[in-house]
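There are structures below to look over.
Okay, so subunit A shows up in both of these, paired with subunit B first and subunit C after.
Here is the complex of A and B:
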């Protein structure tokens, strides 16, 4: 979704020397790109502006639209469940920025140093990423089910830590869902890091080895700095996506039990389509956009400051 | 000496890599073996091989899940979105890569902003707009949305293919008097077909798996694609694990087969675009 951020130079036009073209010629050229622009205006840009405006109304989705100023936001800042959801999004981000990235780096680093079977491992790790959220959710709901899952099976061997309804317990529902989403996602990171590591100059490793660097030191002082642009890019993507999370939460727990896994995405959906509180839902949408804007702004500022990212 | 050392030192690598591979593959494998077990057997034996293979789960799930309709709905959505978004993106990518457009920097900025907007911000107003013009519960309505969502990604991918094409072919065609459109259909499209194929696969996969927009814009069961109808099916038969596992396998099997056949293209396309899967 956000590849354009890392590559915003990519659309720079390819200029060729030429004489001044006629107006019809110019219009003819623009005609090629018009369908894309019009479609994006209709599907994304105009409704987004509409969404921003609705955040300042009490519209139910039907009937007249009343502007109520910032009342929705005042309500939002006093809404305990919204803050709970926001916190869950933050927890989600913290989780995704640590464990999946660590496992992704580990997998990619080990994979980059082997020759045989690299293709097999790449396919194996990537496979969960192409499987639909509905299927992954179903699969893990069964595996971690308190009656027909691996929990009771392990309990027979005396290992009881999984023998309870993970998705139905307040303390574990959010992390349970995050685990399932991460299980489907980490292989994607392996492939991204692997292709970045493949571009690292082999001589740097040779030099490090001659200096007596251990494998971990090679990773820390050669690999990590070399793949920094990719690493930072994935951090940005994960930060933005963590504010948008919807599928896995909606499918597996629908935010429950008792809002213990509620995130902004599901809370917004509930207001828009179950409670017909479109204005309030729009204000949650604005908060989610702010999150993405802050992440992108941080990225741009760091780059302006001369970080090579 | 050096070689021997390398072989020895790579053994721990393989051990860790294999553990990670098992972590990724075993759950999928269990889904497959559970799809041919009875629900009673899954209760007693949740992860082992079946004692008795129950193929009937598949026709049962197909029947009870209404798969004849949902697969048809998904195929309509997937194929129309691929054709629509590749047409739109192909033309735009050609203009950005090959025609001298003033203000294409502005377009780049527009994409930057337009593709960073959370779907949750524009989805609700879009729903209202679509309701006004009667596009809720129609395939066309969702196809237009998918084309809007995925064509920027396809444009980005196709543009990078088209920039690399040799200029001589295009010049030669222009000297022969070909118009921009003729250059596009006769030269650019045939030469950048790998890009079209990669973009098409990624878009197809995304539409097949897509949940949020399908859930919102197609609420009538007759129009539901496979993802949201499987969700409803899982809800209706939530205790019948064998049946719902078979239902999941029906959805996922074509994806896995296609992925194994064309994994290079899938991986290339999915990692290039950064589309959320």
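Here is the complex of A and C:
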């Protein structure tokens, strides 16, 4: 104790490392991380392994589990609806990597220059994100309703481009649902980007202004490079989340009409809970996980190559 | 003195402990029967009309009914954990098949024989729960498809309720000429609504006899009469605009929209299950229009005389892992032994739920029952009693075949899938179900 409160030299003498840590020391360290390991084991690792194994079975969700090798994957690779769903997930990803990010960046940049009332806009933009998806979906189903929604109302004024059943038309159902999901999501991006922009050194903007940079040039050459880690993080997360999309599609169209808005998540659900084919559903789940792993791998590779993300 | 006080206190403690122990034993003696049900039930009505009377009549049993969200998911998870309820409520017959295959259901054949359930339940309903000679489930509710119409509109236009397919065509043409949609329906919020229409066309065009043969494996779903039935539905919904004017609107109309359209005379008729009585009651109340119903007429000579498609909604079974089988059986028997009680509960749902398929008599209906509804139950009993029955897809089709039917029909309507390919895929699901023993019980005709 004395040595602990003495000068650095005395402290160092106490902290001299022994050649091998004692067994109690090692056990003590394990004891600290054991709760986390157990928790991870129960909540993540065991269910993941179980989910993976189910993909090689014909389990209906009720009775005995029989291993059937790779039959589910053979069927999956011949399943047109699955590939249609996968394509829709890709379209969904492309949409979310462009429109919401662009609008989020624009919103955050404009908001960052506001001093008064910024909190009001922050709350207003973020509010849809914390409202339950069921509520948001119902709200937009009414707003875009072909009888009582905005479409027929605008049509009375001669503006007819929204006067059709958006969620009931094959060509628009997927993008209609994506729009509603993006509406609830973009405020979240605004908040993230705004926080990142707040950390940018103001002197960089002053120098840019002295050099005669326009607002767009300041955004392009100062803001964007400065918030790149946040931007790349959101790109990664959107890519992963886009493979998992389920709730808005399930609530608003259930994948219809005629599979035009079917995504992997709803297709998985259909097999697991409507068709009692949990094994096949698990094989779809494996493909969804593979998507996420590819996205994470890309992120890791870029970091290893020295990207500041 | 101290010893005396000590003994007195000891005695007091012993008495208290014994009392607690005895009361504990008493508490343990009371068998608790659990029944998880859908979370939309009216618990007040159920408590007053079922739980309290049952518990009063069975002092040694305590019935606990628990409203449960996403009921089947919860039950399935509970089974895995070995904590499923004693009374098992499933969303339909296809679920029972899966539970039975997994060996999770207690066979009720012996109890049913002792308690005379075969005489209490409607014959087809009793048979629908028999799998490989054993009774495994009993319908909690039954339903059929009917044709609702806007009575006020019909009277204004001088149309008679349709009794034949020719009548339907005449009314449809007359309605469309006046800008009125012949039928209102939609699948927004519940995509399986498609199967209601598919089932109607299969039964009412190809005929229930042919459907029965296909269910039994004596005919193929690819046979011409079924192809014609699906083609006719496709023509009506995708080309003629009979349902809501066009397909896109059909896909965006849900419960509220379809009844609003019917009650507001935007549409003339609606083919729907008997759960539609509830919607008719609600949406016509302040609409200025009145409603009525008729049975759905046959669409071709193959269909013969009109019939009612048999359908069970939720089913009741006893958990095969339950330690309280006898008590659970007594709950079911209590329910089946008092038709008036059941109808009183069902009246709270406008007879859309909890209509246990019992042999009801006119005096069983509560006072003030809508005569249109009691007329339905009387006619249903007469017609089905004569063996004039059809088959609903959600009651008699294996799960995979059923989903294929309502899911892929949309591709047929859009011309992305030919009727022939659609029915060939359907037959393939049946072949697979038959090979793996997943077909469901079909009552003999």
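Just so we're on the same page, the second predicted complex is superposed on the first by the 267 of 309 C-alpha atoms of A that agree within 3 Å, B and C clash if a C-alpha of one lies under 4 Å from a C-alpha of the other, contacts with A are read in each partner's own complex, and residues count from 1 in each chain.
By definition in this document, a contact is a pair of C-beta atoms (placed from the backbone, for glycine too) under 8 Å apart; a residue touches a chain by one contact, two chains touch by 3 or more.
No experiment lies behind these values; they were computed from the predicted model shown.
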Review point. Touch check for A:226: first (subunit B), second (subunit C), both, or neither?
Key: neither
Point to revise | Partner chain(s) touched by A:147 [first = subunit B, second = subunit C, both, neither] | key: both
Check your understanding: After lining up the shared chain so the two structures overlap, which partner does A:61 touch, if you call subunit B first and subunit C second: first, second, both or neither?
Key -> both
Practice item. Examine A:164 and indicate which partner it touches, taking first as subunit B and second as subunit C; both and neither are also allowed. Key: second
Practice item. Identify the partner contact of A:286: answer first if only subunit B is touched, second if only subunit C is, both if each is, neither if none is. Key: first
Check your understanding: Of the two partner chains, subunit B (first) and subunit C (second), which one does A:39 touch, if any: first, second, both, or neither?
Key -> first
Check your understanding: With the two structures laid over each other on chain A, which partner does A:258 touch: subunit B (first), subunit C (second), both, or neither?
Key -> second
**Study point:** Between subunit B and subunit C, more extensive residue contact with subunit A
**Key:** B
Practice item. In the overlay, answer first, second, both or neither for which of subunit B and subunit C A:273 touches. Key: both
Check your understanding: Both subunit B and subunit C contact which residues of subunit A?
Key -> 61, 145, 147, 273
**Study point:** Interfacial residue positions of subunit B with respect to subunit A in the complex
**Key:** 10, 13-14, 16-17, 20-21, 23-25, 27-28, 30-31, 34, 39, 42-43, 46-47, 87-89, 91-92, 94-102, 104-105, 107-112, 114-129, 144-145, 147-149, 151-153, 155-156, 159-160, 163, 180, 184, 205, 208-209, 211-212, 215-216, 227-228, 230-231, 234, 241, 244-245, 248, 251-252, 255-256, 259-260, 263, 266-267, 270-277
**Study point:** Interfacial residue positions of subunit A with respect to subunit B in the complex
**Key:** 1-8, 10-16, 18, 21, 26, 28-30, 32-33, 35-37, 39-40, 42-48, 50-52, 54, 61, 103, 106-107, 110-111, 113-114, 117, 120-135, 138-140, 142-143, 145, 147-150, 152-153, 183-185, 187-188, 191-192, 195, 237, 240-241, 243-244, 246-247, 250-251, 264-265, 268-269, 272-273, 278, 281-282, 284-286, 288-289, 292-293, 296
Review point. What does subunit A use to touch subunit C in their complex?
Key: 60-64, 141, 145-147, 164-165, 167-170, 253-259, 270, 273-277
**Study point:** For the subunit C and subunit A complex, residues of the former touching the latter
**Key:** 72-73, 76, 79, 94, 98-99, 101-104, 187-188, 191, 247-252, 257, 399-400, 403, 407, 410-411, 413-414, 416
